[in-house]
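Here the chain labels run A, B, C and D in written order, and each chain numbers its own residues starting at 1.
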Amino acid sequence: MIDFSLSPALLELKKRTASFVRDHVIPEERYLNEHTGLPAEKLAELRRKAREAHLYAPHVDEEWGGMGLDMREMSVVFEEAGHSLLGPLALNCSAPDEGNMHLLEMVATQEQKERYLRPLVAGDIHSCFAMTEPPPGAGTDPASLRTVATRRGSEWVINGDKWYITGATGASFAICMARTDDGVEQGGRQPRASMFLIDADNPGFQIVREIPSLDAHFVGGHCEIALRDCVVSDEAVLGAVGEGFRYAQVRLAPARLTHCMRWLGVAQRSLDIAAQYANTRESFGQTLGKHQMVAEMLADSATEIHAARLMIWHAAWVLDTGGKGRYETSMAKTYVSEVVNRVVDRALQICGSHGVSMDLPLALFYRSVRPFRIYDGPSEIHRSVIARQVLKEAALRAEEDETAREGQALPQRTTSSDASQGGDR
Amino acid sequence: MIDFSLSPALLELKKRTASFVRDHVIPEERYLNEHTGLPAEKLAELRRKAREAHLYAPHVDEEWGGMGLDMREMSVVFEEAGHSLLGPLALNCSAPDEGNMHLLEMVATQEQKERYLRPLVAGDIHSCFAMTEPPPGAGTDPASLRTVATRRGSEWVINGDKWYITGATGASFAICMARTDDGVEQGGRQPRASMFLIDADNPGFQIVREIPSLDAHFVGGHCEIALRDCVVSDEAVLGAVGEGFRYAQVRLAPARLTHCMRWLGVAQRSLDIAAQYANTRESFGQTLGKHQMVAEMLADSATEIHAARLMIWHAAWVLDTGGKGRYETSMAKTYVSEVVNRVVDRALQICGSHGVSMDLPLALFYRSVRPFRIYDGPSEIHRSVIARQVLKEAALRAEEDETAREGQALPQRTTSSDASQGGDR
Amino acid sequence: MIDFSLSPALLELKKRTASFVRDHVIPEERYLNEHTGLPAEKLAELRRKAREAHLYAPHVDEEWGGMGLDMREMSVVFEEAGHSLLGPLALNCSAPDEGNMHLLEMVATQEQKERYLRPLVAGDIHSCFAMTEPPPGAGTDPASLRTVATRRGSEWVINGDKWYITGATGASFAICMARTDDGVEQGGRQPRASMFLIDADNPGFQIVREIPSLDAHFVGGHCEIALRDCVVSDEAVLGAVGEGFRYAQVRLAPARLTHCMRWLGVAQRSLDIAAQYANTRESFGQTLGKHQMVAEMLADSATEIHAARLMIWHAAWVLDTGGKGRYETSMAKTYVSEVVNRVVDRALQICGSHGVSMDLPLALFYRSVRPFRIYDGPSEIHRSVIARQVLKEAALRAEEDETAREGQALPQRTTSSDASQGGDR
Amino acid sequence: MIDFSLSPALLELKKRTASFVRDHVIPEERYLNEHTGLPAEKLAELRRKAREAHLYAPHVDEEWGGMGLDMREMSVVFEEAGHSLLGPLALNCSAPDEGNMHLLEMVATQEQKERYLRPLVAGDIHSCFAMTEPPPGAGTDPASLRTVATRRGSEWVINGDKWYITGATGASFAICMARTDDGVEQGGRQPRASMFLIDADNPGFQIVREIPSLDAHFVGGHCEIALRDCVVSDEAVLGAVGEGFRYAQVRLAPARLTHCMRWLGVAQRSLDIAAQYANTRESFGQTLGKHQMVAEMLADSATEIHAARLMIWHAAWVLDTGGKGRYETSMAKTYVSEVVNRVVDRALQICGSHGVSMDLPLALFYRSVRPFRIYDGPSEIHRSVIARQVLKEAALRAEEDETAREGQALPQRTTSSDASQGGDR
């Protein structure tokens, strides 16, 4: 039955995370450099504290050193962690490592897990996910994938170009998507592809450059990568050959949602900062918050954050109860990414020149949240996905209505407008 | 724990309501006249069918002839009923009767319930709620209340003017708000007021006119009313003397939410109509739905309806679990009313000249949903309420953070940004 | 050189129009019935007064009984007339007659002008323009035109269906668009079409019904029309055979702009009403206008009306100086129609329940302006037209830049982003 | 009479500016460092070329080495220059020097002009304008001015704090606003203030720090400044004692508009880049520009840029013809700043990950245009100014209408909704 309560244990965890972020993480923000990120020893120290506070790797199974939370629990904890850009790093649940850990847990062999997952969870190494390609390769349209892995005996030879590979600098390995149909056109649109685990010291794996970008550097930059006769063994295949696109979905739907959770924390913190500012700064004889144009911005931000949170929780519930959540995570990603941008923008406006200055974190937030409307599928792509679902359901309903008018029994159907049923599981 | 599932019983009820609306209610829409509403015998017939289908008075306790649903169950059923403007009328859960029944159940004496509530649930009579006054009286600012009830022996003499009293024409009685402090200024801003049950045949209760209005006539028009030496006995007082404003809150928070539920149904139907149209109408060589500008409108409507539904469910849960829900229903009312307007507007745009014509119900919807952004508190008032809460919480948090910085134990607090806790219960 | 001054004569005309509307037209609004319009004798009286005030048929050449204003002058006068829905009727410059007069002036033979234009200007008759067809005929996509005129000796036999033909009830004649390629597919997409002058008493010209519609009835309803073996002579062809689509453009670009002018008057009047209301109505201890959320709505409306007016003036200048103005009128139509809707919506919100009531004209305005975002090309079509122009110019510029980089002389080019040059003349 | 044509001379100047920016300025963008700006020798070289191309200091009177353009001409030239963030620097018409030159021309003595204006125009020095103060000083509310200048014999001693003083690092002098009423409260709200020319090497003038900020560094950073017993002579007073706020208006209205002109160039360039990208990048089998969601963004940007340009031209005409333009520049500043932000945002979205990268200039534009919605009066302040004007005019009109109803002659009045008359001159 419809229920929005958090268990006492989760409430306690939520508060503990909030206190940790306030007391230990936010004070370290002063050491964050927009070009080089947080110094490695600072990060290590934060992770040590998070481990001590039993707040470490919340999304990973306990077997591998995490807390084993489900998606709904993650929704609560990741949002709290997200109040600081450093929070998810401290808890080792930041992108892209978090999504890679999830994928490895789901798909990797026991041996691969020991080799890659365990040290990743431990924070000894980090990783990247190499799917996106420069034009005319795979961007928003995965069917354009051009990187090719060719079998040669018991090895694969991979060639192609990747870019916008976040976290590549300093990563120990990449999960790399490549065509394994030798570039031969399939009947359908989508090529057959596979995922490969490539060690970063493979001589065929070259970082061409870090792409200077609007958002600040955190975890190894957004990189351009060249794969040049990159040779890997059969053991480097992640999961089954030819299942790359299916695995990408396994990674993408939850990863899309964990992005939403973390960024919602940034939105909530921005609203908190703006409200605090509006309570204390005076203008024209009263505090800013008494001016209705400011009040309106606060109200809209609070309302939209509320809606965004509920949408995340709902999609998390769909995933937790076995749904694929493609439609729901598309709605959540589009809505949350746009809400987050609006909320940060309003907070910055309320704080005026303070907001523009780096004295407050809002200017950095402003730069950091903008790309979220683009990566993991730009809003335009997700809107198309959503519309297709709406149209499909309308067609089904028209058919049903037709049947009903003809006096026949109605077929059983679960629609996703039936929000309680989670759509496309 | 966070849960969005509907019980099998509720799912069955939802589907049954949907079928009833589709098979019995929507076909009657052709008899709806924008000036005179649905003919009385048509309405009586619909209600007879609803009773037969066990879909009658879902919000009323079984003791009084209803189904005894809680707010979350109502959320699901009212939305389905709301697919037609006639649906809530058929189920006898339309405004203002629905809110009046609730208020009577909560506050009335057993005798008052027998006299007013029972025939109201039975559909033998209807009612109105007389609070709003023409300027400079009580509009969005209840402190401006000018209607005065003066005690005279065991009677009360009420004088004042009311307007925008929906459903007054043909109503058997009114629940009327009046000052009972003899117009004397109180220390605080809010006057003391009481509620009175006034029979419509009271000679002091005069309907001045029906105010022609943007929305169509359904249940007795929006009326201007003159109270002129309107004499009622002590038994006409609803609840306790002086508690009028508290009772208004008892009525308003849930009534605000049931409005949201019903209108959300109108939004969902509008989207359904537009999607169906987009599936079948061709333009420039493809169906409308394939044009991205149309797809975008469908996607935004679907996403916003989803968010609106979740926000209603959340506020319903807050009320069901004992919260007052003032903040949550303000957020829901503002958000839902604006979403509903946007969704109907987009549906009308997609359907083009069909949308403008009365051949589809969208033009009537367009007119009907607009006032919802004004009555029950215009968006501006609710945004102020929401902002005040945001500012109050920010002040509390600042205090807490201060305390935390001083190394002291944190006081326990539940914030309403803590969406799981329902805020102001 | 850039100049926004009005000549003293135009200023005087503007003020005279404003006074006329205030003193003579607005007082008649009380006689306006939303179903039957203004009584004929009231309209005749208004036109008599307009003629006396030398404010009659401002857009028509003096030869035919008008004032001979150019588009810029019309911009000023039509906006003032548009303060009342009855203003353009009074001045005999309302749609569709106004556009038809323009088309007849441009294209008709002297004989046709004497027969149709002269009594139309005199106000003795009225007319309609029959182009739009029910699906799958010509709606937003003119290439779908299905009404066919077949030559038979010196006559034409016209068959087809039209709908949304505004003003058809009571019209003396229709200007009707029909294919004159015998329905044969052309090489290109656009069929060859011609325009015909059809007398309404032609037995082959049948009004099927008036389509009930969101907007109020003014000038003969929006009608469905059946052309059934409708026989007309060669003299009924307006202009040259096969030039129908070219003439449609002759009519459409200016007609689109005169719509903008009139509706902008509705927007300005709505803002005036709201501002006046905000000056006098008190709430929470101060006038509404002192509340910033109200102030914001007033400011946005004033700013957008200002932008809309300048855009109309600019497009009018483009047409006056010989440009076709396709791009500029598309921008103006899209922008103005959306501004007008927003301004009326905000005014209604500011006036609260007064705004919803028919005591103020805002509720009627609200219904009347909505279709303007659909007819004369819905916003979606115009946005596509605008985008195509933007893309075309970008391609040209890329070519130029290429040339410049190669050190060659630049070709002369005038772009329409060069707002001073009026684009596509 | 309404006219949007540019004189042949202005058209030629416009094209020459465009070519100069394309051929000489944009290629230098690669040398722009977001922290240190353009190397001094690069800037000097650009200015030398601009002088050679007769494109230097377009806003300054020829007597002082400029081109003597009026505001309308500046509108055209500054927009073209604004296509690059370096363009206005190259032409020596960037903020804050440009506004300071204007103020010096209007107010300074001949001697002050020789000492400060001449080298400023020559590009030998640069300057800053020190008005804004940290809270609780003069921010958006100038009445809060706290810096005080106290007369001591023939000298003034200035004490106070300033911040967000753009361009202070490296400036040779500051124009500084200070109270000259010895801090005594006046009857009215606004204190008496004066402007002082302070040499940067004055020991009482201390740069405390550069405030790290969202936007990139160009012309000396946004600085915090401490005035500590800063002694200046009587000759340092700019204009008359006590006229500081009046002079601030002299500077602000045109400066507000020149900001709009320059930033509009950034918007136009962003649209050009996005359109060019949409013409060449393919996705899902067609160029991006063929996708309607992209087309819609292009169309909206083109339309809003068009409206913004016309609004700037109109306000420039008001100033050129002697109006103060307070209302018009407030409308232009609010509208243009928001349009510019939207256009850059859409362009970035269209270009996807390219847009986010620094490979295109959009990411830098995105950061640079955001503060424009805050400085020179945040949108909220300007909306209040605009609303007050709307309300004032409504009150006047109500009075007039009253008079008219009483049958008396109408007083002559010019309203600013009468866009042709420039309002408050």
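Heads up, the rule we're going with is that a residue touches a chain if its C-beta (ideal position, glycine included) is under 8 Å from a C-beta of that chain, and two chains touch if they have at least 3 such contacts.
For each chain, UniProt lists the protein as follows: A, B, C, D = Acyl-CoA dehydrogenase.
From a predicted model like this one, the values you see are computed outputs, not experimental measurements.
Participant: Could you see whether B-C or C-D has the larger number of C-beta contact pairs?
Facilitator: Most C-beta pairs in contact, of the two: C-D.
Participant: Can you tell me which chain lies farthest from chain A (Acyl-CoA dehydrogenase), using the average of the Cα atoms as each chain's centre?
Facilitator: C
Participant: Between chain B (Acyl-CoA dehydrogenase) and chain D (Acyl-CoA dehydrogenase), what is the gap in Å from one C-alpha centre to the other?
Facilitator: Using C-alpha averages as centres, the distance is 49 Å.
Participant: Take the average of all CA coordinates in chain C (Acyl-CoA dehydrogenase), do the same for chain D (Acyl-CoA dehydrogenase), and state the distance between these two points in whole angstrom.
Facilitator: Here the centre of chain D (Acyl-CoA dehydrogenase) sits 38 Å away from the centre of chain C (Acyl-CoA dehydrogenase).
Participant: Send over the residues of chain D (Acyl-CoA dehydrogenase) in touch with two or more other chains.
Facilitator: Residues 291-296, 380, 383-384.
Participant: What residues on chain C (Acyl-CoA dehydrogenase) touch chain A (Acyl-CoA dehydrogenase), complex-wise?
Facilitator: Residues 291-293, 295-296 of chain C (Acyl-CoA dehydrogenase) touch chain A (Acyl-CoA dehydrogenase) in their complex.
Participant: Quick one: which bits of chain B (Acyl-CoA dehydrogenase) touch chain A (Acyl-CoA dehydrogenase) in the complex? Just the residue numbers, please.
Facilitator: 1-7, 10-11, 14, 19, 22-23, 72, 75-76, 268, 271-272, 275-276, 278-279, 289, 292, 294-296, 298-303, 305-311, 313-314, 316-318, 321, 331, 334-335, 380, 382-384, 386-391, 393-395, 397-398, 401, 404, 410, 417-422
Participant: Write out the stretch or stretches of chain A (Acyl-CoA dehydrogenase) touching chain D (Acyl-CoA dehydrogenase) in their complex.
Facilitator: So the residues of chain A (Acyl-CoA dehydrogenase) touching chain D (Acyl-CoA dehydrogenase) come out as 132, 135-136, 139-141, 163-164, 211-215, 222, 281-284, 291, 293-294, 348-349, 352-353, 355-359, 363, 366-367, 370-371, 373-375, 378-380, 383-384.
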